[in-house]
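Order of writing sets the chain letters: A, B, C and D. Residues in each chain are counted from 1.
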Amino acid sequence: MPTILGQNQYGKAENRVVKITRDGGTHHIKDLNVSVALSGDLDDVHLTGSNAHCLPTDTTKNTVYAFAKEYGIESAEQFGIHLARHFVTSQEPIHRARIRIEEYSWERIATSDANSKFIGADDVNHSFARKGQETRVTQITYDGERWEVISGLKDLVVMNSTNSEFWGYIKDKYTTLQEAYDRILATQVSGRWRFNWTDDEQRMPNWEKSYEQTRKHMLQAFAETYSYSLQQTLYQMATRIISHRSEIDEVRFSLPNKHHFLVDLEPFGLKNDNEVYYAADRPYGLIEATVLRDGATAQIPVDMTNL
Amino acid sequence: MPTILGQNQYGKAENRVVKITRDGGTHHIKDLNVSVALSGDLDDVHLTGSNAHCLPTDTTKNTVYAFAKEYGIESAEQFGIHLARHFVTSQEPIHRARIRIEEYSWERIATSDANSKFIGADDVNHSFARKGQETRVTQITYDGERWEVISGLKDLVVMNSTNSEFWGYIKDKYTTLQEAYDRILATQVSGRWRFNWTDDEQRMPNWEKSYEQTRKHMLQAFAETYSYSLQQTLYQMATRIISHRSEIDEVRFSLPNKHHFLVDLEPFGLKNDNEVYYAADRPYGLIEATVLRDGATAQIPVDMTNL
Amino acid sequence: MPTILGQNQYGKAENRVVKITRDGGTHHIKDLNVSVALSGDLDDVHLTGSNAHCLPTDTTKNTVYAFAKEYGIESAEQFGIHLARHFVTSQEPIHRARIRIEEYSWERIATSDANSKFIGADDVNHSFARKGQETRVTQITYDGERWEVISGLKDLVVMNSTNSEFWGYIKDKYTTLQEAYDRILATQVSGRWRFNWTDDEQRMPNWEKSYEQTRKHMLQAFAETYSYSLQQTLYQMATRIISHRSEIDEVRFSLPNKHHFLVDLEPFGLKNDNEVYYAADRPYGLIEATVLRDGATAQIPVDMTNL
Amino acid sequence: MPTILGQNQYGKAENRVVKITRDGGTHHIKDLNVSVALSGDLDDVHLTGSNAHCLPTDTTKNTVYAFAKEYGIESAEQFGIHLARHFVTSQEPIHRARIRIEEYSWERIATSDANSKFIGADDVNHSFARKGQETRVTQITYDGERWEVISGLKDLVVMNSTNSEFWGYIKDKYTTLQEAYDRILATQVSGRWRFNWTDDEQRMPNWEKSYEQTRKHMLQAFAETYSYSLQQTLYQMATRIISHRSEIDEVRFSLPNKHHFLVDLEPFGLKNDNEVYYAADRPYGLIEATVLRDGATAQIPVDMTNL
């Protein structure tokens, strides 16, 4: 046989699980999209058609739903850890499990005062609207010994309407761009951060609090950086996270420059004093970088922020 | 010629205009997607290739941007009214203008306390995150005499985790559905409401307040209705709007039933006490209806809520 | 009650049904997405929560799959006619059924010569690749007496790289567009055509042949029209259909002008002799019109081509 | 500074370039989406806000359009090679360029016989319909010394309606799947193959012929493999490519198992003899693997087939 099987993995992707927890009349919701990928002693499945080492993807789906009942969903990270540990420790041929999770957040719908009085506050705490802002993501990888947890978010669109410049760049024969001293800076954040928790012996981070704080620091850095390039803003966002969150050693961002071009209104006898912009779709600048805590080793793959 | 030209319209669609208004260091943002459709004395354009009556779609685009400067964007509705009036009154061959607008809302990014002290609160009020929840929409139609304004929203996902039943329905030979006495009710709201403002002589509604209040009443009705069908919930949502908002005479909703199926955990020896659900994509029930103020005439087209 | 229930309909949307027909070793495939919408005596469902007149959407789904077995899928149109007739004639409260269907086409994968010899041609006629070009659509409506069949297609992208001009249009104060005497004309066709078959007593069209021929005439008219505007091309496309297909009385197109802008290469010392174009996304001109056979009445709704 | 800048890259993404070549009245079209990513001595851009080493993303866009004129577009691969070489050799701070290209293919619209006679065949060879099947992709990476070319395709949906089984797998406490002895096997192919051309001294492959042949062998292997798992089919598809195409050393596929579930028609008194299927969306099995020519080293990243 002139060919060799290289890296391979399989599992059920995009298992949509919603968990409702009832605390009297007050309900809580966790809404996840869980993808399982397993690796191990699987050469025969590919080479001979023998499925003796293959746990069906359907079974990995069932396990996701069963675990939502058995363990609850405290956080996406904790749920992924339960799943990854199970697959690696319960099936001899499975040596490595990677669990990717998207989480959609919901907010409560406030009820009318009249109604609250009538039916009691408890009775109506079961209504939710999906927030629809960023999607929270995490990836848990376990090989039976060490954990790798990379969390983050995607599709969070942010804008600074001033405090952004871009000038002093290389001009070659194909350069026509005019220098800008007051422009809009907008991007759709896709970010991932890797935790330094790798071992069951270590104390586990508080995943929910970590997410909330990391998101906050990232947004503040975006808002507070006077920017000379999106690269510089990216670096500040990542550095702010590493400075404030000791549980995180590595951050990677993929930031499309969502261009807002000042519209030329002069043909109509109007002056556009940084007021009216055209929001462009394509093409867009795409700025990507990893920032590491001093001494840490890069592990987040280049394309992970593009998924 | 054996053929006849029927209804026709043309214009530039999806003009993405962002307007920044500066109030000292505090910036405000309006973010719209504006589509223009013009009708009138346009037979020759289609039949002979003469463009003598054709205002180019490129010109309609330019007008959108110029008007953002000339009139500002007080509300999507008011902006659409300026545009529709302009096209109909300034070009003799144009007899009717329909302006469709999507609006994306943004919220301010809170800056860190330390930073606020250092640079002053005013200096950092130019940072925004896109809310990403529903898209607000409006459609303005003007024929030179009367106005039709239909506003609404789309892509607002809501859920009640209890207080929903479905039973007592027809059973025919193809019916296998089990009756449900406590189910999740979830939908992605697409709604449109028509204003009874039709004439420049009438006092114009406060478009921004109307939207905010209509949305609130609609969500409260969704949360507070004990539901025996999504049809019943829809009717309550629409009725609540008409009861509370005298400026609105007609409401239409298109509500996909975003099914959340209880997962059967019995094969794993587990009991699923309304806790673990599978969120399905397709197929989905689709419930659509118009509700009118007594005496009003239906004008919202059947498929408008599907756009 | 200050409100009145207007037009309403419900049913299961997007039932994905794939039918395999085996003719010895040669398989045939029909791949549909079927949406059911029923109307009738349904006020109580909305007003009182009584479901006594409600055939569950789940039952309409089951019926789609059962009918794929009972009647086969000769064509999307014929399949929709079976379904619509069933719902209206079998359930007293249902007075009207509208069936919308999308159809995805597949082509056979050619096998290697060596293989064909070895295993026999019959054995390998079960492999298909999805064509992925246009989506064929149809809508069947039945009220117990008359039929309305509107078929068509969407997402068919076409381009003429020459034989298109645009000049002689209105110039107002917002016009900056330069006249064009040789431009690219490209669009993503969304078209619908209404058949004059309305009655079981009439001879039914050959739906498969009609689609194939209508598509061919439409494309030829696009290719062969020397165009002075997309409106003119649209009119020719529709007229060609009505002239050649006696079973069709009305055609409506929604044609986005997929702009291909000539790139200005002069800053780089290069001449762009209609060679290098930038394919833009938004905004786009949107040209929509209905064309009727002389004497026919317009029935295709304005927004139907936007679905 | 407690943080360190890791891997970083930037450039203009999704430059949509269409090139028309006129051979008398017969036109040819190349339709690409080109994304540029540059790396090198760019620390200052991130750390200090100095853009002295930054070639603007806008310039990389201009270069794409200028090169379409200067070099033409013989193939996506050849075009990417021109671009990558330019950026690395013309700008001292740029040490590495990665060009990603999507290519959309078009087919000619056949004109009517009558028309062809009238206007001459040459006159109408400028009309095209977008094929809309797979998207062809390539990625060119150059560091000034060695080339890496990884080509492939995505979104090609294929199906075998028989000759697929799945049984003999692990059964654990979460397994409920029934064994299958005749099932549909369908997938949406995302594949990448790496060329062993790495050096300007080597003879360059014929990129167009290589694509056409690789696609053919891949499809034939899919059609001709009697399958016991999608893993086994994947391995056969990759092996067939490496066996037949000496220019390719490594192949990676990401194959979602597009489940087609047999519908249970027994409740309706019908037998489903492998005829009527429900095409499911989510969740789906996801099978991914790399296959290498014996002796080759794996270079295609795990997530590249997910882009």
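Assume a contact is a pair of C-beta atoms (placed from the backbone, for glycine too) under 8 Å apart; a residue touches a chain by one contact, two chains touch by 3 or more.
What you are looking at is a predicted structure, and each value in this text was computed from that prediction instead of being measured.
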- Specify the chain most distant from chain C by Cα centroid. A
- Field rot_deg for pair chain C/chain D, CA superposition, rounded to the nearest 5 degrees, holds 180
- Message: Using Cα averages as centroids, what's the distance between chain A and chain B in whole Å?
- Response: 29
- Go ahead and note the Å separation of the Cα centroids belonging to chain A and chain C. 37
- Query: Approximately how many whole Å separate the CA-defined centres of chain B and chain C?
  - Reply: 25
- Please list all residues of chain B that touch 2 or more other chains. 16, 62, 66, 174, 176, 267-268, 281-282
- Touch list for chain A against partner chain D, complex: 1-16, 35, 37, 42, 45-59, 61-63, 66, 90-91, 93, 166-170, 172, 174-177, 227-229, 231-232, 234-235, 238-239, 242-243, 250, 252, 256-257, 282-294, 296, 298, 301-304, 306-307
- Of all residues in chain D, which touch chain B in the complex? 173-174, 176, 267-268, 281-282
- Item | Sites on chain D touched by chain C in the complex | 16-22, 27, 29, 31, 62, 65-66, 68-70, 106, 109-112, 115, 119, 124, 126-134, 155-163, 184, 219-220, 222-224, 260, 263, 265, 267-268, 270, 272, 274-281
